[in-house]
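Each of the two complexes below includes subunit A, the first together with subunit B, the second together with subunit C.
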Partner chain A sequence: MSKAARGSGGLAWALVGPTLLLLIAFNVFPLVYNVVSSFTNAELIGGDSRWVGGAQYTRVFDDDLFGGALRRTALFVVCAVAVEMLLGFVLALSLQREFRGKQAVLTALLVPMMLSPAVMGLFWNLVLNGNYGIVNHALAALGFDPPQWLTDRDLKFWSILMIDVWMWTPFMMLISLAGLSSIPTSIYEAAQIDRASAWKVFTRITLPMCGPVLGLAVLFRATDALKQFDLVMAVTGPNDGATQTLSTLLYQVVFRDGKVGLGAAFSCVILVVVIALATVFTRYIDRVQARDGV
Partner chain B sequence: MRLSTAWIASTCLAFAMASCGGESAPSDSKSTTTDAAGKPAITVWWFQWDPATGLQELGREFEAETGIAVNVQQIPLASYQEKVFLEFGGSRTSFDIVIGDSQWIGRGASKQLYVELTDWLPTVVDLATIHPRAAKYLCEYPENSGRWFAAPCETDAVGLAYRKDWFEDAAEREAFRTRFGRELTVPATWEEFREVAEFFQRPADKRYGCAIPSDRNYDGLTMGVQNLLWAFGGKWKAEDSNQVVGHLDSQGSVDAIEFFKTLMKLGPKGCERLDYGQVLESFTNGSTAMALNYFAFFPGIHAQFGDKVGFAVVPAHDGRRVASLGGQGLSISAKTSKEQQELSKRFIAWFLKREVQEKWITKPAGFTANSAILSSAEFRAKTPYNAPFADSVDAMRDFWNVPVFNELLTVTQRYVGMAVDGEMPTQEALTKLAQEKERILKEAGLL
Partner chain C sequence: MRVLRYLVVVLYFLVATAPLVWMGLSSLKHRDDSIRPHANFLPALSAPATPTDPRFEATLAAYRQLGEVHAGAQQSFWSHLGNSVLIGVLSTLASVALGTCCAYGFSRFRVPGAKDWLFFILSTRFLPPLAVVVPVLIMYRTLDLQGTHAGLIVLYTVFNLSLAVWLMKGFLDDIPRAFEEAALVDGYSRAQAFVRVVLPEARTGMAVTAVFCLISAWNEYGFAMTLNSSGAITVPAYFAGLQGNIEGMPWPQIAAGALLFVAPIVVFTVLVRKNLLRGMTFGTIKQ
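Here is the complex of A and B:
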């Protein structure tokens, strides 16, 4: 190897090294540590952990709490993302055209997204309180029998979903708006000349051209919703069987039960599920982009 | 580059395995903590509530006497347990004394997180002055072993608060007599309790019969149910061992939960999932006739309602009366310096003095475990809730306090919840719960 080549190799390492070290310290090492922990019976307190092989993974798959949390999380992701996407896109379509006060409406719509989910959880706890919440007062005044939003076993999951939709629809709207703005007006003008109906314009131009951007928005929201933690913690806590998600189950196992080894196994399985879903989704987006030549 | 990748991976793996190997030994540095003025100081952790403020006031008196500052840090209740045990996960704790839930003592003792006080405590206090139930459940581990890991701080039990003005209303009394053929009195049995709750259950008038802890998030349902469980002859486990099967799944336990289910129809909407705060709220908003809750909440109720409310012990069944234990003990962190541990001992010794306990009971919701004070006529007459509190201490019992209590609690909340909600037949739920508990106990080496 020439001296020059060796010199440039050293420079490359010098440039990449710090980033690589940080990556190892904050990403690779915790991941490896977690995987190793998942084969031990490590606890939050006490250093007498020992190797238990795949026993923690057997526990994970035998535990119907995990199955329940997985199903609940999947339901949450599907419902939240679908409703937020739909509402967000409809809002973006209605905000596409210029009108008086558009900026004020846009700002007002974006406010929920700017607030902390934990604060929102506490705020909605008051709003939806069965006895003194403003929603139930309003419903009672209108002659309806007010439901128990946060204590009824069949309702509390949907209440949290509703709060999530309220918070994150603006995000979908914003991305959709960006997607809509990126479509050249000349295409719409051409469609107008061809006397294309509004439905045809929507299904043949707007939707396909927004598709990749909307797909990315769905990916962002889906991965975020998959981690749903703050709202559940603030509204019902981590151990409520009707609302427990994968993240709150993990919290319960590690921080309350103190079972670090079992929690590590839980998180490894969750990681595999997330990676699998993200891979499928990104491949789908890549295919759509390749097809549309985006 | 291939070599570098392999090197990085193996280094990470080695680090990870080394890190899994164990935690660093607790620090034994000779440092003493001082406050801003340079005085020696100790830090006490407790959750955020009135008694913690009362303890801080007493701490100031201790400082005036000894020059040792006491800093009581109040942690929000929702995250208290997690914060305390995360602290214990490190080599040193930020606190010198932790006022831990009674259920934590098994974990604190067996994981060497709490300093053992067995030899020291009798040198500063006559152990006979500590109520035996408080000693058994708040201070000792294992129960009845004579090994002390805490000194009693706040002693508490579940009691009954009721609307005295409703019970004394002539029209209500007449209506009750007509309907049930007896006088409307404070319920002494669970059957009477249910009748009174039925009588006052008038949702159309926004008036409800009873509110009982039944929350599923932490321990509300378990603490609510176990008042009936023991009274109806049920058990969490055998008296002399950790055997669960054959005890928890008994007819008495089934009867208790079936009875509890009927009470869940006699409260405000959503009453099958009330945490302690919501039980309190449903009573203090003036809508509910009776509430079962910890005595620590009763001074606030009395301050709000005055003579309109009364207090009593929990009802009995077939002559058996058992109240869920609450309360916490003062434990010294094993992960603080020896000097700090000595300062902490001085504070605990001072706190346990009779004259200090006399002051403690004047603080908001400050309840003592001092037997002499509890049985004194002066204490019993001082407030309307003191006498039933003293009687409740004689009848209180606790849930599991073994190191795996949290796992036991999680499955208890789950299966009892399914039984109460009618998702699973009670007998089946208790059979599964008993099996699950034995699995957890066996894994932990406790069975």
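Here is the complex of A and C:
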């Protein structure tokens, strides 16, 4: 290695250079472009745009649209991550023991997270439809009053969350299983000799030892849920006051209203949040990897 | 405890698979049956006598009608599926090729600031597509790439680079350096050692990486609908575009198309099941 590494700087850059250049072109350029156009009144159609100073930012912070979308997205992220983590962990605990056909069951449980959220979200429209959806048929047969999952103002946000839980609980389950299986059985045996109660074993051994991996899971899901777009578009469209998230608000502002300058200001504010989260995330990965080489 | 465990697993198994089962059943229906106000979930050979019967007449009509052009779209499902295949496959090949080279550079050479670069690469994945799409759109308008296959292929290639680099770096780090050193001693050049010794060893890793890149390009919607609303429309954007059209949703055809669209993904999931966790976490958790 050392012999090869010396004097091979050119080759190293030739290998990593193209990728880095492409990523810079498609990520850093848009950021700079957004910052510049956020100080203008640029529109999607029509070329003329004027410098308007910080006016767009004033609109972002004065308008309750942004605050509402931010609150809704935060609520979505917190609820999605919490419910999926809890369900996923319970599932992982249930799947810990070996049984016949475990691999097949496990693979079947994992399928939802691999599917297209846009396509599955659309199909859930049929499943949850208030008048002819199978869920409501089933509820009616059981004697319940069938709710309007997708059109009730107070309900549709939670319906979207439910679809997200359906898609992403398997991911949490998969990570939890990895965390659980990384705990050496000798520790459990030692606890058994010490006659520790099941609850104590769970809170003192299982949870703390899964901790770092579960932390990764939470960060992965949180950064992903923050971008929530596909499901909201599929269920209610971008301009629904009860379900508008940051991404769908951006879509509405830029592509429906054509206000590029305002959209750019929205993007910049959102990106500050995203970059802050990404920094926390990468630091955390670095720490976990350095500590136990997960 | 044991009973509870089985109960949880069986219940969740039903929840996880039910929508796909329903998709299969819906694809066999006539449109009227798919929106009937009474439940019908048992396929039968002939139409039932009463409208409240839980049976419906099974038909393959929806699959035959996939070639039809629905209101709200310009082309049939098949041509959109073709777009998805072309864009998915080509962008995947490009991502894996570029990503493998880049990962090899980071894995075997001393690149100044390597860690910072790697985390920069990973963090590109966190950007919401909608927050960066306008500058890309303006760029594509100037280059005449809007609504073309090439435009989305390039974009998905770049979008998947973070995944490809991080996954491949994990796989390449696992290959002992001794292999290449032996090759170098035998008189191979650096490049020869990479192509003839390292790449064959990394075959599995490259296949797994390709599957994950393909799935992520296959499923992508945000960029697809904003950049390619006029041409080279992929399946997710096509289906979404059918919403709210005047003739109502052609549910059986959508179910049939969606089933064909997700079937390859289910197959791939089974193929890479041992590497699922690794792929979903960008190689940060190796199992």
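One rule holds for everything that comes next: the second predicted complex is superposed on the first by the 254 of 294 C-alpha atoms of A that agree within 3 Å, B and C clash if a C-alpha of one lies under 4 Å from a C-alpha of the other, contacts with A are read in each partner's own complex, and residues count from 1 in each chain.
By definition in this document, a residue touches a chain if its C-beta (ideal position, glycine included) is under 8 Å from a C-beta of that chain, and two chains touch if they have at least 3 such contacts.
Note that the coordinates shown come from a computational prediction; the quantities given were computed from them, not determined experimentally.
When the shared chain is aligned, subunit B and subunit C each come close enough to touch A:N131.
Contacts of A:T236 after superposition on the shared chain: subunit B is touched, whereas subunit C is not.
Once the two complexes are laid over each other on the shared chain, residue contacts for A:F29 go to subunit B and to subunit C alike.
Shared-chain residue A:F255: touches subunit B and subunit C both.
Residue contacts after overlaying the shared chain place A:T151 against subunit B, while subunit C stays out of touching range.
More subunit A residues lie in contact with C than with the other chain of the pair subunit B and subunit C.
In the superposition on chain A, A:L95 makes contact with subunit C only, not with subunit B. When the shared chain is aligned, subunit B comes close enough to touch A:S49, but subunit C does not. Look at A:G143: by the touch rule set out above, it reaches neither subunit B nor subunit C. Overlap of the subunit B and subunit C contact sets on subunit A: residues 20, 29, 33, 37, 44, 131-132, 237, 255. Of all residues in subunit A, those touching subunit C in their complex are 1, 4-5, 8-9, 11-16, 18-20, 22-23, 25-27, 29-31, 33-34, 37, 44, 87, 90-91, 93-95, 97, 103, 105-120, 122-127, 129, 131-132, 134, 137-138, 141, 166, 169-171, 174-175, 178, 213, 216, 220, 223, 226-227, 229-230, 233-234, 237, 246-248, 250-251, 254-255, 260, 263-264, 267, 270-271, 274-275, 277-279, 281-282, 285-286, 288-289, 294. For subunit C in complex with subunit A, the touching residues are 4-6, 8-9, 12-13, 15-17, 19-20, 22-23, 26, 34-39, 41, 98-99, 101-102, 104-106, 108-111, 115, 117, 119-124, 126-136, 138-139, 155, 157-159, 161-162, 165, 177, 180-181, 184, 190-191, 215, 218-219, 221-222, 225-226, 235-237, 239-240, 243-244, 249, 251, 254-255, 258, 261-262, 265-266, 268-270, 273, 276-277, 280-281, 284-287.
Subunit A meets subunit B in the complex at residues 20, 24, 28-29, 32-33, 35-37, 40, 42, 44-49, 65, 130-132, 146, 148, 150-153, 236-242, 252, 255-259. Considering their complex, residues 8-9, 12-13, 15-17, 19-23, 78, 81-82, 85-86, 88-89, 107, 111, 113, 216-218, 268-270, 272-274, 281-282, 285, 287, 404, 406-407, 410, 413-414, 417, 421 of subunit B touch subunit A.
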